[in-house]
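First subunit A sits with subunit B, and in the next complex the same chain sits with subunit C.
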Partner chain A sequence: MKTLINISWRNIWRHPARSSVLIAAIVAGLWAGVVTVGLINGLMLQRIDYLIESEVTHAQVHNPEFLSEGYSWLHIPEHDEIARWLEDDSRVQSYTLRTITDGMLQSPVKTSGVRIRGVDTETETRTTTFHENIVEGEYLDSDIPNAVIMGKTLAEDHNMEVGNRIVLTFEDTNNELTSGSFNIVGIFQSASTTYDELNVFVRSDELNQLLSEETIYHEIGMMLEHEDLASSVVSDINQTFTGVEAQTWRQLSPELSMLVELGDFMVILITLIIMIALAFGILNTMLMALFERMRELGMLISIGMSRMRVFIMIMMESIILTITGAAAGMLLAWFSINHFSESGLNLEMFAEGAAQLGWDHIIYPVLTPLEYVVILIVVVAITMLASMYPALKGIRINPLEAARNT
Partner chain B sequence: MPIIKTENLSKIYNPDTVPVHALNDVNITFDEGEFTAVRGPSGSGKTTLLNMIGGLDKPTKGEVIINGQDISKMKDSKRIDFRLHNIGFVFQHYNLIPVFTARENVSFIMLLQKRSKKEIRERADALLDQVGLGKKKDSRPVQMSGGEQQRVAVARALASEPKFILADEPTANLDTESAMNLLDIMNKMNQEQNVTFIFSTHDQRVIDRARRVITMVDGAIHKDEKQEVLSEQ
Partner chain C sequence: MATYFSLAWRNLWRNKRRTIITVTAIVFAVLAAVLMQSVNRGSYEVMIDRMVSFNTGYIQIQDFRYDDESSLDNSFLYDQELRESILNADDRIEKIVPRIETFMLAANDISTRGSVVFGIDHEKEHKFNEIKNYLVDGRFFESGEQATVLGQGLANRLQLSVGDTLALMGQGRFGMSASGLFEITGILDHPIRDMNNQAVYLPLDTAQELLSAEDHITAILIIPQSERHTEAIAESIRQHLENEELVAYTWPQLLPEILELMEMDLAVPRLLTVVLYVVIGFGFFGTILTMTMERLREFGVLLSVGMKRVHLASVLFIETLFFSVIGVLFGLAVAWSILKLIDPINLTGEAAQAVIDLGYDPIIPMSFAPDQFYIQGLYVFLIAMLVFLFPLLKISKLNILEAARS
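Now for the complex of A and B:
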């Protein structure tokens, strides 16, 4: 075997330029592919993590009809009991209760339809990271009464700034129109400008005073010890409590779930394209090498080298070529991903468009060790598959090729 | 007892389209220690005969018996193994492995025979000394002349300690000095070590040095004669 490896290695370097070009192509292709996969992974995970951590949370509880109907009287019954249950469950890291209603925002400039989200600042801050989106002013933990924070785009649309007042009008639980004047204490900017245009945040106790005679909540969001626990916690809540429906983030945001699937599909697609290019590169190079060496291979079989050894020798040449390129490509990709996973790849020129779509323009690529291993295994497997044809052609060579005089 | 014997050996190429009768019922024997030239015009069947004897091609009819074994009936893998241990080849185009040095080229066949490293090295060096390439052991084929490459090919053929060596037009690409030098070496090995050589050739220089000359015409043995060697070192 040592001799076969030796001869294969030297055969590769018979044409240094050709082998170098192929290795360079493998390095470049694999580097580009792996980094792209890392960027897609990073982009998807950032979007998902952002949405989960800033608002959606791992799981939510609602009145079963609230999500489709949206009326404020469709609140969560027995929310205290659910809160106590969540308090006692070790899988639950933190939770927060929200009062939600749809209404109108009036400023001196114009009127807009908005979703008014009443939050408990203490539990909300403990559960989500939305407060980190404040770009001007402060969060709702300010001392100013009837405080409201609004999205930057909405504020600009209404020509509003911190310190201005707006009026929020909505239906209370008795179907009566009610309104309140709120002081803008902060401006937020989330990853999505659409979200920023359609949502305002107030304190839940102040919203409740206008909305209902009793304290009501429409949503309980919870962060768990681990995302994988979401299904079991949701199932337990649904079995324990009646009149409510708990859902995981995947159920609540099917678009996020689709995003995960889309990301996986993109990763497979890119990997496939790289692998096909790699396979044809190997096939082409090995066939060229084979046709050039027909007489030599014929000689080897003539003097007594078994066809199996010839097969292994040709396979070995492809594998050595690919592993050399793949190792360098993976190493380069690892360095690149490592570098950008800390500093981030800043695509500032696309920032505005990305924000419209709810994407972050700074991408932190992610690739797990398992993904590196899988890509490497796939590369080797594809190489072996692509080398099979030239190798099989090689073992069918007639030893008389060696005696051919032309 | 002859080391090679053919019985009614026939080879027809393209039997279903335009049949070419390359060999017609050839019956011939070769004894150990022979230095034989097979000559004849192009298409006379001399190379086909050597290919059959060397187990590189299968006859359409007849047998090739080497040391009592009919190699024409052997499976491909067994025939390859048989060649490895029993037959040495010298080709017109030398056919050395270009990425190997002279020593590695000679050693390679012994590696295939799974001999010990020490034996391989010692034997390869000794053979290269015998063919006058003691100072070129670490040279690659591109660093050697045609004559030197063919001498490496002879050393490689001898390395496996075959029963006989088949040389197909070994001097065809060599100048006179290189050809005579190569023939001297092969002749010396034949004389001193009783190595059997069978050549197919057009080259009068080879024919003049052979002690047996077989003339083939139209796939049959036309003449088989022993001769006094005209020029010997």
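Now for the complex of A and C:
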């Protein structure tokens, strides 16, 4: 066995150029796998974090019917008690109450349907980062009465700018149509133009005055100490209170759960494609190498080396090459990920034309130790499989023919 | 020159095994590159296709003020003369579809919702986007009927079903008040999710009467015989249209947000494609390097019997050309067949549910856009040519004596 390892080792260095190309291919494959998975992970996490932090929060409480029906009389009963409960629970970092209704936005230009979100500026800014989306004017925490902020696309559709007034019309809790005139104090731009087109924000106390005689809330959003706590907090709320339904961010936002589910699927699919390319690169190189060595292998077999030993010798060469390549590739990948997870990878050069890249054009790759290990195992396994075929072919040589060939 | 070609051609078949391996390397590279593009673009094409069919059309003619201020005041007269002048503008126009669109309040007896009302010629509309196939209940109205078909989401929110009456209220042309009662003849599962909660369809003439806009419409959708004629048709319409107040837009001009979003989302796959090219490049290099090593002796012999290095290099270059072209063409054919075979990838489990919740089919569609085939084919060809520079370099520096001895 020791002799075989020795021979394999010498064989590798007999063809330094070929061996280094093989190692380079393995390094490139491993690096590619790690960078790909890291990038997609980073992209997904960034989008999920953005949506959670700016809007959805870790968990929300509603009247069970509210989300599907959207009527303003479907508010949260006993919201004070829920708020007190949240205040006392150590898992909850912060929470905010929102008054929400569907209605219409009228400007001199036209009318469109919008969801009107009444927020409490103080607790909202503590809980979410939505106020960072303001691109013009200011957030709702100004002194201007009846303030509203609207999305950039919606404002452009209506030819509205900061300082203009619009009329919001909606049904109050008694199904009577009611209207209020609001002053545009700010324009926001979130990650989704559809969201910008369909949502406007006002202060909840001002919306409440128009909506109902008592103070009502339709949504409680909360940020927790850690996102993994979401399901336990949600089930506790659902057990403690009746007439409300608490949901985690994954249940709340189909976009988010699609990102999570489809993201995983895309990682697998794309890694698979890259691994196919890697496997065939290695397989072809190995095959070529084998044909070049036909004569040599034929000679070894004819002077009495057993076919098993020849097989082991070829495999041993592959194993040594793979281990070297994998170690070097891991190191390179680890450095790349570390470097880019700090400085971020700017994607601007990969977008065509004049397209403006939005908020996530700098990606910070993320990779868990487990994923490193999985990728390592996959790449090593693929390399071993790809070298198995040439090795098998190698021991089926007819020594007479092979020795005769040039 | 012809000698070089026949020499190169014979070299190719002298060692079939080697040729097959090299060509396979290229085939798999092309396959991987095309797959990568196709997987990433497929979903967007479906999305754009829906937006074009149900929202904008390939080309849209509007009043020049409508884009800025999309109100009924900026509608235009739609008569026989205009129809003919558009149809005569370019003979590649398949058909034209008129629409009138405005925002109105939709109500049942107790509650009100914002809605987008479309007055449509249902026969023409169906021929364009097969809208009747999306009916989940009832039937489509006939023209002139005081009847409506609405989106399922809206119907659910207003708790209305087929046979019930829908009230529409709003503003017609030049501020005329518009209101009417309509019998619901059908419910539609609208393929665009946002529209499902908002869309109300009326017969074109009924809508015009309701909105005091007799013979007026807000947009003409133009359907070209083939999508690739879009730009050309838009151009000839711009030249032939006598009414100077009308303008023609193509769908990229009408859907800038989606295209921008697509650019943003495609930045990561583009980066990953570069990663893939690196893997492909190393795979090639390994194959080519080993091939060159194997043939060094042959090169040495040729040179020592008096073949000029330039000539040998030319023969090798032509060989390379053959390899690459055959490989790329084969690769494209294989890629196309495999895409056909796996299209669309069906999602299962939670991923499928997440996509359904978002209003899409639980599939990952493949893109068959022709440009990805020839662009990826060209890139792989260029990579192959680049890598094949190596044997040429090797020849120019080859030590004849050593090579012939090896």
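Convention: the second predicted complex is superposed on the first by the 278 of 406 C-alpha atoms of A that agree within 3 Å, B and C clash if a C-alpha of one lies under 4 Å from a C-alpha of the other, contacts with A are read in each partner's own complex, and residues count from 1 in each chain.
The rule is simple: a residue touches a chain if its C-beta (ideal position, glycine included) is under 8 Å from a C-beta of that chain, and two chains touch if they have at least 3 such contacts.
This one's a predicted model, so the numbers in the text were calculated from it and none came from an experiment.
K.L.:
Thinking of the overlay built on chain A, is A:328 touched by subunit B (first), by subunit C (second), by both, or by neither?
P.N.:
neither
K.L.:
With the two complexes superposed on chain A, say which partner A:380 touches: subunit B (first), subunit C (second), both, or neither.
P.N.:
neither
K.L.:
Classify the contacts of A:301 with the two partner chains as first (subunit B alone), second (subunit C alone), both, or neither.
P.N.:
first
K.L.:
Quick one: is A:278 in contact with subunit B, with subunit C, with both, or with neither? Answer first, second, both or neither.
P.N.:
Second partner only, subunit C.
K.L.:
Which partner, once the models are overlaid, touches more of subunit A's residues, subunit C or subunit B?
P.N.:
Result: the larger residue contact count on subunit A belongs to C.
K.L.:
One more residue to check, A:399. First (subunit B), second (subunit C), both or neither?
P.N.:
first
K.L.:
Name the contact category of A:111: first (subunit B only), second (subunit C only), both, or neither.
P.N.:
Touch status of A:111: second partner only.
K.L.:
By the touch definition above, which subunit A residues appear in both interfaces, subunit B in one complex and subunit C in the other?
P.N.:
Shared contact residues on subunit A (touching subunit B in one complex, subunit C in the other): none at all.
K.L.:
Which subunit C residues qualify as touching subunit A in the complex?
P.N.:
Within the complex, subunit C contacts subunit A at residues 17-18, 21-22, 24-25, 28-29, 31-32, 35-36, 39, 68-71, 102-103, 105, 110-116, 156-157, 170-171, 194, 198, 257, 259-261, 263-264, 266-272, 274-276, 278-287, 289-291, 293-294, 297, 345, 347, 350-351, 354-355, 357-358, 364.
K.L.:
Which of the residues in subunit B come into contact with subunit A in the complex?
P.N.:
Going through subunit B, the ones touching subunit A are 47, 50-51, 54, 56-57, 76-77, 80-81, 83-85, 88-89, 91-93, 95, 97-100, 108-109, 111-113, 156, 160, 168-169, 172.
K.L.:
For the complex, give me every residue of subunit A touching subunit B.
P.N.:
Residues 3, 7, 10-11, 13-14, 295-296, 299-307, 309, 399-400, 402-403, 405.
K.L.:
Quick one: in the complex, what on subunit A touches subunit C?
P.N.:
Residues in contact with subunit C: 15, 17-18, 21-22, 24-25, 28-29, 31-32, 35-36, 39-40, 43, 68-71, 102-104, 109-114, 153, 157, 159, 171, 175, 177, 193-194, 198, 254-255, 257-258, 260-262, 264-266, 269-270, 273-274, 276-278, 280-282, 284-285, 287-289, 291-292, 345, 347-348, 350-353, 355-358, 360-361, 363, 406.
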